[in-house]
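Across the two complexes that follow, subunit A remains constant while its partner is subunit B and subsequently subunit C.
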Partner chain A sequence: MFDIPDFIGWLLNPENWQGRYGVPNLIQEHFILTLSAIALATLIAMPIGIAIGHFNRGTALVVLLGSASRAIPTMGLLFALVMAFGVQLRELAVVIALVAIAFPPLLAGAYAGISAIEKHIPDSATAQGLTSWQLLRIVEIPLAMPAIIGGFRIAWIQVTSTVVLAPLVGLGGLGFGIIQGLALRNFDQVVASALLIVLVTVLGDQLLGFAQKNQAFRLGHLSGGKSK
Partner chain B sequence: MKNNLKLGLAAIAVSTLGLAGCAQTSDAIVIGSQAYYSNEIVAEAYAQALEEAGYEVERNFSLGQRDVYVPAILEGEVDLFPEYTGNLLQYFNPDASETEASAVYDALTNALPEGLSALAMSPATDQDSYNVTQEFAAANNLSSITDLANLGSVTLGGAPELAERPYGPTGLLSVYGVSVEFLATGDTTVESLVAGDVDMANVYSADPRINQLGLVTLSDPEGLFLSSNLVPIASSALDQGARDAINAVSLAMSADDLVAMNVRSVEEQLSASQIAGDWLRSEGLIN
Partner chain C sequence: MNWALNNLELVLQLTLTHLIVSLIPLAIGFVIAVLLARVTSNRFAPAITGSLGTLYAIPSLALFVTLPVILGTNFVGPTNVLIALTIYVVSAMFFSARDAFASLPKPTIEFAQAQGLSAIQRFFYVELPLATPGLIAGARVAAASTISMASIGAVVGVRNLGYLFLDGFQRKIADEVLTGLIAIFVIAIAIDLALWLLGRALTPWHRRVNV
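After this line comes the complex of A and B, so read on.
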């Protein structure tokens, strides 16, 4: 379909790496938007998810939010929030739209991680004299880490691929090359930009996957059993 | 297995219906339009004028963007389509340098692929234009793009592709000596101008918001912008009678008429068919 050398040529052209809409700036903006959204979503989702898992109350909420989030029309939410907040707060509006996407997998990861712990473990920890807070900090959260990181992997993939819509409301990010390229019918630029987005997405996912394996391996050693 | 069989039968039934549908309407003139309300109003005006002249018409509106519908026209699925001279020329020939209305029309006629022809061009235009707020125009005494040269720095907002268009930042500098900082404001360009994020914005000249918000369109004495007049693109399936009926519509439609119809669509939320019908009646083109 496309000439491989052509989109590689686009990537190698130094002109495309300079200025406000050059690749380095776009990657930076892509990261800033993605990470702010995930950080904000973490602040909200982690305490709620861990509490639901720990007290085993409100599990219906996790299911409800998880399914509801799949029904959110992201682009509609993006425009509605930008119009509601005004264009001068468009960064905030975009980040909040992205939080709505990052929140459910983070919540589900935290909840699933804590609630999957076999009942006898917290029981014996309590029998050893651990307070509820210590139980959470020393036993439950470490045991839940692989599942929590799993939630981050899903959130990362979904958010980083949705940030691509940001140029529609006047922000940058790697979607810029796609949206501009389509209008200009510059398909080398479209392919090159898509490649960069895939690279960023996969790279982040692999890093998190490595951390996840690391945690699972550590846990396997601690319990003397085999990690998954 | 049973389900698969049902599915297969359903698929056959649907495709047969589809074929029957095609066969039935093969003699009707298929009119397409972009997924742009203003374009749909014009397409509706063509449709009603053709019906008045006794032709059978099939409306196939909101076909999306040029990349989607141009192949459909070339395939012969659509017979008539309201287009814009400059933008369509740019589509077929991205390096076109013509900007003046009749030169653009001539270049378009040459650039159109075989089987397609451009009918008479309308005086109505819907083209790129640079706009500033009334306050900004008054504070800096602006009425033409030329006046911008006196300003120290100007931020320009527009769709991402404006950065690379010949009338974008490079054209402003080479034609008018105006250097701008470009901000890709995407679909929020007009809002960004009003909010003061940018000093100047690229807005289509028939956009009702220019009137509604009292924006000042800067004149373009050097012809930086590609003229973009309304022009019907027709396939060879259209006979002379149909062409005459469409040409009458094109010639009657002025730039102000087009803006007024767009305003009615945005403000009164009327349907394209009512707006187009009212206009055709006011021009005496239909009864």
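After this line comes the complex of A and C, so read on.
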């Protein structure tokens, strides 16, 4: 159907790197959507997840949200919210859908990280005279870091793969090249865009994975390998 | 929900396609993940874990349209979707399958060996039945995300329930989008329940344990 150099040619063509639907602009849109959704979800999910892990109440909520969120198709959620909000407010609708998608894994990561800490550790920290707040800040959150970053990895994968679908509801982002290319049967554009998406997503995942390993390594035997 | 009732035939037909497109990768992916988890030695585990983790991070739509370059398949149609979903099932299930086999009680395996069971007999009569609860738990997680992810196949021309999202959005029929959302949720729950029952039926010796 086509030769391999064709989509590389598409990538090398300066025309495709300019304007509204040029690669840099699409990458920027992709990142703004992904990162703003993850940041918003973090603000909501972290305090709740840490509180649930810390006080050990509301565990059922985490489990329920975790399994329900897997059964709800992210694509359907995206479409339904954009329709409910109307096309004028589609940016807001997409961000809300993405926040809803990022929320469960972030919550689960924070909860799992805190609740996996062996009980004698916070006990001895309290015995040393740490206040609740200090206990959380100095002991529990650092110990939970690998699991918290694990939550970010899943949220990153889920959100960024949903952002790929954003062009279907009229927004931009890196998925644009796939959707437009499929419609116009310009498969060089499709493949080139897909490769950019793979590159960005895998790179983000690897960076988070590196940070996760780094944290786990720093904690050494303290975490007991319980929070991976 | 008038829309769903008026278009019942279409919805049922799309549901059937959706089930087929999800269950085939699930079944094939399950077998591959179990074999991969059981056959690979510890030495290769990190390499497999790493590459499966990387594949898992690739957005589904991007994988659907990258496979034709590698496999020479057509861009539009179910083949890429089936293969991509199988890859996701394998990468989602490999870790839980490994854990399921790694946590088998060692004395039981040694006892089976002492009884003179061959490696293959041991696998089918001892290891596989004992690992079933862990494998089913992994399959349930993989099933839910596969059924949800399959809807994205509609973008590359697979007429499953995801088609209701695209068509409903284009024609501004909110009920159509909602029908798709609910239908996918319902079949995800149904398959989850079916797998849970299957797990119970396959392990009659621990009926009292909740999976």
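Simple rule for what comes next: the second predicted complex is superposed on the first by the 218 of 228 C-alpha atoms of A that agree within 3 Å, B and C clash if a C-alpha of one lies under 4 Å from a C-alpha of the other, contacts with A are read in each partner's own complex, and residues count from 1 in each chain.
The working rule: contacts are C-beta pairs under 8 Å (C-beta built on N, C-alpha and C of every residue); 3 or more make two chains touch, one makes a residue touch a chain.
Because the structure is a prediction, the values reported are computed rather than measured.
Asker: Determine, for the superposed arrangement built on subunit A, whether subunit B and subunit C clash or fit.
Answerer: In the superposition, subunit B and subunit C stay clear of each other.
Asker: After the superposition on A, what does A:Leu182 contact: first (subunit B), second (subunit C), both or neither?
Answerer: both
Asker: Does the superposition put A:Tyr21 against subunit B (first), subunit C (second), both, or neither?
Answerer: First partner only.
Asker: Just subunit B (first), just subunit C (second), both, or neither: which does A:Gly76 touch?
Answerer: The second partner, subunit C, only.
Asker: Report for A:Ile157: first if it touches subunit B alone, second if subunit C alone, otherwise both or neither.
Answerer: second
Asker: Mind telling me which of the two, subunit B or subunit C, contacts the most residues of subunit A?
Answerer: Per-residue touch count on subunit A favours C.
Asker: Does the superposition put A:Val169 against subunit B (first), subunit C (second), both, or neither?
Answerer: So A:Val169 meets both subunit B and subunit C here.
Asker: What is the contact status of A:Gly86 with respect to subunit B (first) and subunit C (second): first, second, both, or neither?
Answerer: In the superposed model, A:Gly86 contacts subunit B only, not subunit C.
Asker: Quick check for you: in the superposed arrangement, does A:Ala216 touch first (subunit B), second (subunit C), both or neither?
Answerer: Neither: A:Ala216 stays clear of subunit B and subunit C.
Asker: Minimum C-alpha distance between subunit B and subunit C after superposition, to be given in whole Å.
Answerer: Subunit B and subunit C, overlaid via chain A, are at closest 5 Å apart by C-alpha.
Asker: Can you give me the overlap between the subunit B contact set and the subunit C contact set on subunit A?
Answerer: Subunit A residues touching both partners: 79, 82-83, 168-169, 179, 182.
Asker: Name, in rising order, each residue of subunit A that touches subunit C in their complex.
Answerer: These residues of subunit A touch subunit C: 1, 4, 7, 67, 70-77, 79-80, 82-84, 157, 160-161, 164-165, 168-169, 175, 178-179, 182, 187, 190-191, 193-195, 197-198, 201-202, 204-206, 209.
Asker: Along subunit B, where are the residues that touch subunit A in the complex?
Answerer: Per the touch definition, subunit B meets subunit A at residues 67, 91, 94, 157, 159-161, 163-164, 181-189, 191-192, 195, 197.
Asker: Which residues, counting only subunit C, touch subunit A once they are in their complex?
Answerer: For this pair, the touching residues of subunit C are 53-54, 56-63, 65-66, 68-69, 72, 75-76, 141, 144-145, 147-149, 151-152, 155-156, 162, 165-166, 168-169, 172, 174, 177-178, 180-181, 184-185, 188-189, 192.
Asker: Note which residues of subunit A are touching subunit B in the complex, please.
Answerer: Residue positions touching the partner: 20-21, 79, 82-83, 86-88, 90, 167-172, 176, 179-180, 182-186.
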